[in-house]
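Consider the two complexes below, in which chain A is the common component and chain B and chain C are the respective partners.
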Partner chain A sequence: MTAPLLEVADLTCEFRDRGRTVHALNGVSLTVGAGETVGLVGESGCGKSTLARSIVRLLVPTSGRLLFDGQDYTRWGERRLRRLRKDVQIVFQDPMTALNPSWTVRRLLLEPLVLHRVGEPERRLSQVLDEVELPASVLGRRPGQLSGGQRQRVAIARAIAARPRFVVLDEPTASVDMSIRASLLRLLRKLQREEGLTYLFISHDLSTVRHICDRLLVMYLGRVVEEGRTESVFDRPAHVYTRVLLSAIPVPDPAVRRRRLPILGEPPSPTAIPTGCPFRPRCQMAAGECERPQPFYEVGPGHRAACRLARVEPSGEAGTPA
Partner chain B sequence: MAVQGARPLPIVGVPSRRRRLGVSALVGLGILAVLIVLWAWGALAPPRDPLATDPASQLLPPGPGHLMGTDTYGRDVLSRVMAGAGLDLAIAASVTGVSFVVGVLVGALAGYHGGWIDDVVLRVVDVILSFPAFVLALAITAVLGNSVRNVVIAIAVAYTPYFVRLTRGEILSARRADYADNARAIGNPSWRIVLLHLLPNCIVPALVQASLTMGWSILDASGLSFLGLGIKPPTPEWGVEVGEGASNIVSGEWWTSVFPGLAITLAVLSFNLLGEAIQARFRPRR
Partner chain C sequence: MTPPLLVVEDLTVAFEGDPRPVLDHVGLTVPDQAWMGLVGESGSGKTMTALALLGLLPPGARVVGGRALLEGRDLLRLPPDELRRVRGSRIGMIFQSPRSALNPLMTVGAQIARAVRRGGYERKPERAALDLLRKVRIPDPEARAQAYPHQLSGGMCQRVLIAMMLAVRPRLLIADEPTTGLDVTVQAEILELMQGLQRETGMAILLVSHDLGVIAENCQRVAVMYGGGVVEDAPTDELFHHPRHPYTAHLMATLVRADRPVDLASVLPGARAEEPPGAGCRYAGRCPHVEAACLSRPVRLEPVAPDHGVACRRHAELAPLSLEVKAGTRGREEAS
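What follows is the complex of A and B.
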């Protein structure tokens, strides 16, 4: 892999909530190379959105480092961040709430062009409208007058209008139904090809992620527990949590008998993260050594997991410590 | 042929996009129009000079020569009510303009910035609001001296806190909205987020308040003048006119006070109705 475009190193993010500390992120490290699409999956409450908001610096992380193109912007002030924001954009989950209800589409799309002083904004406006496959007739409408799919296309157009290099997609297809989901994913892939974009694609929907991502990160309780190439993770999930997640994907064939792996109880509160492996209290395979923090074990090329079952066994069939 | 004759089905339950103006809006606008016509007429071609005294025609009852009669000094009450319309509406507009602009901006700043700015603003607002508006205005004119400008300042100070409170509250909830985060993520500086993104969605309560403030400030301005702490007597202002005519009511010359008093009532009524109409027009919006 070439030098990463985005690098997140040991990021933690804590909030105070009614006197207790919520550990939303617990040392997340990841890299995204230029032109890559990296998927980030995990159940709700695992810190996906907190990570997204930290990366675009709507939040200030508690510790750790954020680097874009080698520049550390973890502690940049608003004024300096505004330059970064030309390159690093985000698409929110629900465009109904993420687009100003009283602005017209035209105004929404022109704003990033004006803010980042893109030359010939009118030309770029019609160009970006073409790119997201919206008719010029939507320009005079407000978000409330559009369909759900059109709204998300407007949100995507607004994010890519000033030609960013990196886009965080925070569950971009979660607010629309299945048929529109497919066309949005196709659009996102097309945009990536044409504009040379790099994506961090956040989702709780594994089947969506499988079709668009080169690499996958699996998050649990504010931590990355497994990462690797998408096929590799799907073919040989190493962390027990990943296996549980994969076994829960619905298969659209009534003849197929699914064997769902059991998972115990509810995710623990992020105010009281378990010691050692965070998945330990819900894991059927938990053993004594899981009470200690688990290192990453290499499962395959670029594929590693923080689970004792991913470690090399005496017979040598699983992996070696990374 | 059945198809040819078919009419489109009536669409039930789809509200028309632009609702017609309600009754309160129509009545409010109607009264306001009458007052503005009165003022324009008085300014362009008054029946009589509102300041010209005439010892020969003191306290004449309403009749053909003087439609609203004359006062103690023989001045034409109708002309004075007309001239008062201009002054009182101007005072109301100035008060509302000043308190609206100052209040909305300070409220938006406090609500968006939070922290110590919010604390300071809220304490000042609480102090001002702990006085009844009229008593506060009374005290300020007593200190500043009575002139039209000081009356405007006094009443504006008393009403600004309402705009601060309303706008602060609206901004406080709007700034948590996703579109505020989106605006920041796209590269907006804070002032643009507040002024261009948040305020337009937070302004309706302040507009309603502005309409009510128009009415109340007319009431307060004329009240101050009635008590001798507002506009000075020969000036044709409704409160002054009511005050000057007050002693005549006992002796039966009711018209010197009742007509300017009626003007005050109608003006306040019209602005209250308009406020109600603005609220009804914008509230159900999502």
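What follows is the complex of A and C.
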């Protein structure tokens, strides 16, 4: 196996907030191979955006390691980070706040080209405009004069302008209308193929994730609780939280009746992390052993979950500690 | 069949100084004691429709035509103080940002108690407020009643508003994107509470949403808006499985859904309507089936079945519309 392009090892991230410690990430490990699209799903407060910001080093993690192409950049300073940022880019959820509203599209797109000293910036500019399927007529406009879909295309163009190798997409389709969503996903996939990009796709929208990701990681309260191939996770969710999450998605077909699995209590607070399985206080299936940290159990090829129900007893077939 | 609760006809709203109306002859029929969905993308006019019914249009916008009959009274022509009485007693409302709908300087318990008093039949509104908090499954209601809105999560605030609706028991609840921005597990719980509320009070719910999943699972009837008008209005099953308007068919074909994959390769480069020149069909700029005649005169909703309306002059010859996206249909670049 070739080395992964991105490796995150046992990452923790803590903040102080009004005298309390917020445990945003509690030992997250993941790898993303070159050319892959890995999805990161979870609900608000699970730490997915903190993880995104740590990976592009807008945040310095509390502990753990970040490696890109084998190089440890966890503690790099600004000067070396600039080199990293030519390769590692991010697209945020809301282009309205991510793009300078007083700049024209031309200036917005030229900035990364100049910053990363891309040769023949004008040529690359018109090329990248083509790649994101925007007409040249938008160059003179400002973000406020574009439609939501166009704005997000500008943000994507800015991210890929200097030809990065890795792009973190933080809820890239959350701000656009349903009829635009599918066309943005198609565009992202086309760009990946043509530019050889690798994606980490962060979303709370499981429908979107299903259509673009090769692999999925499910996060809960600062931890990865399940990971596997997308189809495998959707077909055979193993962690109780994953099952609850999947069962809560409304199905846009009146002929389909789904059964929602219950979830107990209230959304958790990252200031008070329970011992053992983080989902334990809200889990209907919680047992005494869930108070201890749960190992990952293999439930299929490359598919594992940190849930006692993912373990099959000695008499059974699947599920061994991984 | 019971008569509908609310009948909206030809509702037209325009901004001062803008000759083109933002709502153009909107027609809607909300059945009694049922869920009615109103879908459309941003800018299609769904929220504007809700605000017009409530008499809460933004400054500069006004109703220039049409009527909206609720229990025989035209909401669009009620004097302001009478409309205020109708609002909050006959018509309730919940919005996307529940926290901004609550008074930040009052505890949520006191706000529910005020709604109870307004409902007009409780001797001990404070105790009734606690019962209601319990009913919307707010844990530790005694403590939560003393909390201010900013101390509660968005999902919690939405529960408080639902508790207030339980106190007031309106005939019609207008819910504008009530779960947008909430996590899916919280969304599921809020929708379940609303189902309970609807069953218990027998109210009708007009659910404004861009989420076709939420619509499909809750509504018996759906109206689809596009460019300031209703393009199709039908029972939910019909609309999802046998759409008669090309825009509805496009929505169904490009749905990104979790329960099965769609073929992204078949999705055309992004398309956002350029407004058609002149008076024609509002979807003409994006429609794969457009003809010259579609551009020349307005297209209004007309019945294709007793309970199914479509605003397309070619609906008969196009039926049945394919729910697959075909190569060769017109893809226009998005334009703002």
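Convention: the second predicted complex is superposed on the first by the 318 of 322 C-alpha atoms of A that agree within 3 Å, B and C clash if a C-alpha of one lies under 4 Å from a C-alpha of the other, contacts with A are read in each partner's own complex, and residues count from 1 in each chain.
Heads up, the rule we're going with is that contacts are C-beta pairs under 8 Å (C-beta built on N, C-alpha and C of every residue); 3 or more make two chains touch, one makes a residue touch a chain.
Since this is a predicted model, take the numbers as computed values, not measurements.
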Scan A:R280 for contacts with chain B and chain C and give back first, second, both or neither.
neither
Let me test your reading of the model: by the given contact rule, A:L115 touches which partner, first (chain B), second (chain C), both or neither?
first
Would you check which partner chain A:R142 touches, where first means chain B only, second means chain C only, and both and neither mean what they say?
neither
Per residue count on chain A, the busier partner among chain B and chain C is C
Which of the two partners, first being chain B and second being chain C, lies in contact with A:Q150: first, second, both, or neither?
second
Between chain B (first) and chain C (second), which, if any, makes contact with A:G265: first, second, both or neither?
second
When the two structures are overlaid on chain A, which partner does A:Q89 contact: first (chain B), second (chain C), both, or neither?
first
Going through chain A, the residues touched by chain B and also by chain C turn out to be none
Which of the residues in chain C come into contact with chain A in the complex?
41-42, 139, 153, 155-156, 183-189, 191-192, 210-217, 236-237, 240-241, 250-251, 254-259, 261-262, 264-265, 267-272, 333-336
Which residues of chain A touch chain C in the complex?
43-44, 133-135, 145-150, 153, 177-187, 189, 204, 206-208, 210-212, 234, 244-246, 248-256, 258, 260, 263, 265-267
Listed in rising order, chain B residues that touch chain A in their complex are 177-179, 181-190, 197, 200-201, 286
Chain A - residues contacting chain B, complex:
53, 56, 58, 78-79, 82, 85-86, 89-90, 92, 94, 97-103, 111-112, 115-116, 144, 155, 158-159, 162
